[in-house]
Amino acid sequence: MKNVGFVGLGTMGKPMAEHLLANGFRVTVFNRTKARAEELVSRGASVASTPAEAASDADVVITMVSDDAAIGEVYDGTEGLLAKARPGTTIIDCSTISADLARKLGERLTKASIRFLDAPVTGSKQAAESGTLVFMVGGDAAVIEEHRDVFEAMGNKIIHMGPHGSGAATKLAHNTMVAIHNVALAEAMAIAAAAGVDPKSFLEVVTAGAAYSKAAEIKGPKLLAGDWSVQFGLALMLKDLKLATGFADRLGVPTPMMSAAKSLFQTAQQSGLGTLDLSAVAQVYEQWINRTFHADQNNK
Amino acid sequence: MKNVGFVGLGTMGKPMAEHLLANGFRVTVFNRTKARAEELVSRGASVASTPAEAASDADVVITMVSDDAAIGEVYDGTEGLLAKARPGTTIIDCSTISADLARKLGERLTKASIRFLDAPVTGSKQAAESGTLVFMVGGDAAVIEEHRDVFEAMGNKIIHMGPHGSGAATKLAHNTMVAIHNVALAEAMAIAAAAGVDPKSFLEVVTAGAAYSKAAEIKGPKLLAGDWSVQFGLALMLKDLKLATGFADRLGVPTPMMSAAKSLFQTAQQSGLGTLDLSAVAQVYEQWINRTFHADQNNK
Amino acid sequence: MKNVGFVGLGTMGKPMAEHLLANGFRVTVFNRTKARAEELVSRGASVASTPAEAASDADVVITMVSDDAAIGEVYDGTEGLLAKARPGTTIIDCSTISADLARKLGERLTKASIRFLDAPVTGSKQAAESGTLVFMVGGDAAVIEEHRDVFEAMGNKIIHMGPHGSGAATKLAHNTMVAIHNVALAEAMAIAAAAGVDPKSFLEVVTAGAAYSKAAEIKGPKLLAGDWSVQFGLALMLKDLKLATGFADRLGVPTPMMSAAKSLFQTAQQSGLGTLDLSAVAQVYEQWINRTFHADQNNK
Amino acid sequence: MKNVGFVGLGTMGKPMAEHLLANGFRVTVFNRTKARAEELVSRGASVASTPAEAASDADVVITMVSDDAAIGEVYDGTEGLLAKARPGTTIIDCSTISADLARKLGERLTKASIRFLDAPVTGSKQAAESGTLVFMVGGDAAVIEEHRDVFEAMGNKIIHMGPHGSGAATKLAHNTMVAIHNVALAEAMAIAAAAGVDPKSFLEVVTAGAAYSKAAEIKGPKLLAGDWSVQFGLALMLKDLKLATGFADRLGVPTPMMSAAKSLFQTAQQSGLGTLDLSAVAQVYEQWINRTFHADQNNK
């Protein structure tokens, strides 16, 4: 079986590494907080002290870190994984990073005879735990095929998007849709509620037909319950929308819908909702119409 | 079995009437073009010469016409259904009309001891033919229950939204979401395509996960095929967005997302796309990025 | 000198009538609250008991009322001015009404051999008092010339816009610009203030150069003082933006800027700012950046 | 008199240097294309071969270059002005650069005992030639006072905005207003024109009253003439709007108006209008309403 280095054992990374172990891969893990890495020893993982060590004997290295800055920390420097990764190794980054960084990493690693794939995922903690992530992958199709076994251990859909950077670009465009769907639900529910329609019945109509969105199915019940517990944080989505705006601006694509959504998420952030679930953008509309979508409040 | 009068045998109305006949109701139909009404005689329908005649012996009258103006034509005047509808009759309007008209009709008919439900549907011609429409109904819950058999003959979901006008209000808010979902798909696909991502792969990601919408599932393949054949016309959706804008303005609900979408549909209309499917709003983005989402063109 | 009937002695109408009297016209005035009309007797006005009476002996009738509904009240019915206006009379409406109503009035009065001009004004109470109003006039150029003396008694600029309804259309488009200029100032000041720039200095730059607008000159000092006393009410501007939206929607003009401005004014209205000056839309931005443009507050 | 180094003799820089010479300052100029520098010798200027040389004996160094990247080129390296500028020298940057760079330059130079002012200007080539520029200055008020004579040689208004970076921040917010005013004019004129109002008369109303903006006064006649000759290029304004968006995003200010304007300028750019004057954004509206504001075309 392949030797896999795994760097970054956060909410998503840890269950991903567990699935690799469960599927028989030899996995060497690195995490900044070492204790979290050691939790995987009983499942068969080796623990590395540096990213470099995790990469030194690996056929494949997977990185799952927080952002562009963290990539620099684990790839570069004397302890970085590039210090020890051998020519021929494949590095798969599953983090959500900027498309520019992914493209540049691809070019740089190719020159060093290291294969690179930018492979961010769609799916939450639950999908990581159940091994049903969707990978959107930028890079060489042959490299993807060579490591299909690695991807399939962690997810159930591996989609080739195009050259280096395409995976990251897809993730930004994808998240833009999620953001817009959330505000679309809130705005439509506000119109309906202001007209005297019961929010619960409105959601029932939405999920039954042509207006259905995954966002409505997942977040709609949260709006009805006034439950803002975090699945995907509002501040994080706002950060993605700002990244996507800069990205679209460089590409020269007019984005009236994303811009309108971004202003609403920014408004929510300014109202102190940043630490809540992204669906809390609906509270902006609740304030506007001076009532909530929450059942108890509606009975007032 | 109940006697049902059915007024308006268009694309939606005719299969709805056929389901009533198939379920054993005695149905008297009226249509402006009489030939279309006579096509139902072989299935057991009686043909009326006026709306009034269709209503004269009915327990329930269903109207399915094009807009507010058409309601006036079939309800009022010496040949209108109100000229002959008996006290105690239930009139169910399934047209997409303004919430104000629905509310006023409800008040007026109640005074005349006629029961009224505004019950627009979500679902296309296919749903009408397969009897799987979703009804969003405004009016008295008890009246809905009394005629559940009638609704269930034509649809598989009957949702009570609130008082008179709530059905029509729901339809407007619902269609707003459909419009926004369509432009969200187009905008995200434009960002992805401009970044070099294959549109087909992008759609695969969208429909696989958190960015899924019914609009993406139904219209996405049309974008990839450059197939603008009409399922729901662009000009019609623009009309609904204008109605919804006026409605939200009267309610005092800020609608930044709907407004942005309306400007895009209006732009599409001004470019001569009004007679195409509403998904053709994507062509506005195609022009902006100077390429199409259509596979053949992409290969250029 | 011409006999002038004058209907509607509100904030604007009364000083306009006074200027006609001061310029030697014989003026017969009507106002719903008769006491206000009688205040003009000492200046030489005759007082009519009905609009009809004000029109009965007039060469020119001027109407200055609040909205479309008020037009119906003073023009129609047995006491309405059309009941007594003679063929050949010229009726000049200076109210802000919908372009559709102005166009229809023009057609209807022309058939009755009465000449009609829709002539709304730009300029506040101060301009009415100093006789420096700007008239934007729809109708026949020759009729405007014939009554240039009447216009010049009240204003210093008389601009022919086009056929009946053009005056009203111009007023809506004009007010749209005023609304947008106000939110542009607020948004730019919010960016500057959030960056640590002194609002007073920022306004000095704005009014000194290429970013100058009349709105910035007039409303800027109000923002710096936190003075929301009414020059033009926020709720009134929101009403105009809704009228303008319906108008543009009927014309088929995409209006992304006006729509964005309307959402902001609606947001302000929902926050309880409707009774303040329209410049209070800036408070929406103040809440967003969690500080005011008002000097005392800035020192906190 | 003070010794002044002047780096960057473009459209704006050259007349600014000429005014310094005319006011008796000893000026040493540097320009990448040396021939342009030598044109100033007859007016008394000395010509330097490097920015360093221009700074070596200067009390004040003024830089007027194109963007952030150009700042790096003239400030840094062995030939850069910082290689020779003496402690106590004041460097005044009049370029339009990012607020972040200006703030960082301020911090860095202060540590090197060099005084820094970010002092971008509002006003075009004409204002530079007539010595009537407006300076918006970030930095220490005492330093501004010390060099008031330098500023007054080139402009007629010197406004202190706040600490380092405030000048640059003001410039971005200022240009945002200019952009919005231009699209406001285009949108209002489109509504008016679509309603049959003569564009020339509409502009007359706008410039006569409450809807007046400097943009309308300067650009309005260009719209009526179809004259898109460049005063301030459309692509340049789009670049500024993207900078301002990134800036506002970092500050956390919702910017619905600027975003809507940016989408319109981006649309114009995608239509090939980038090399025209920024007022050509009006052509987007002309295409939408299928007619031009240009008189000849209107007569069709």
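In order of appearance the chains are A, B, C and D, and numbering begins at 1 in each one.
What we mean here is this: a contact is a pair of C-beta atoms (placed from the backbone, for glycine too) under 8 Å apart; a residue touches a chain by one contact, two chains touch by 3 or more.
Protein names from UniProt, one per chain: A, B, C, D = 3-hydroxyisobutyrate dehydrogenase.
What you are looking at is a predicted structure, and each value in this text was computed from that prediction instead of being measured.
The chains that touch both chain C and chain D are A, B. Chain centres computed from CA atoms place D at the largest separation from chain B. Mean C-alpha positions place chain A and chain C at a centre distance of 53 Å. Note on chain placement: the centre of chain A and the centre of chain D lie 40 Å apart, centres being C-alpha means. Taking each chain's centre as the average of its CA atoms, chain A and chain B sit 36 Å apart. Across the assembly, chain A contributes residues 252-256, 259-260, 263-264, 266-267, 270, 288-289 that each touch 2 or more other chains.
Chain A makes touch with chain D in their complex at residues 242, 245-246, 249, 252-256, 259-260, 262-264, 266-267, 269-270.
Residue ranges on chain D touching chain C, taken from their complex, read 99, 122-124, 134, 136, 157, 159-163, 165-166, 169-170, 172-178, 180-181, 183-185, 187-192, 194-198, 201-202, 204-206, 208-216, 218, 244, 247-248, 251-261, 263-264, 285, 288-289. Every residue of chain B that touches chain D in the complex is listed here, in rising order: 256, 260, 266-267, 270, 287-290.
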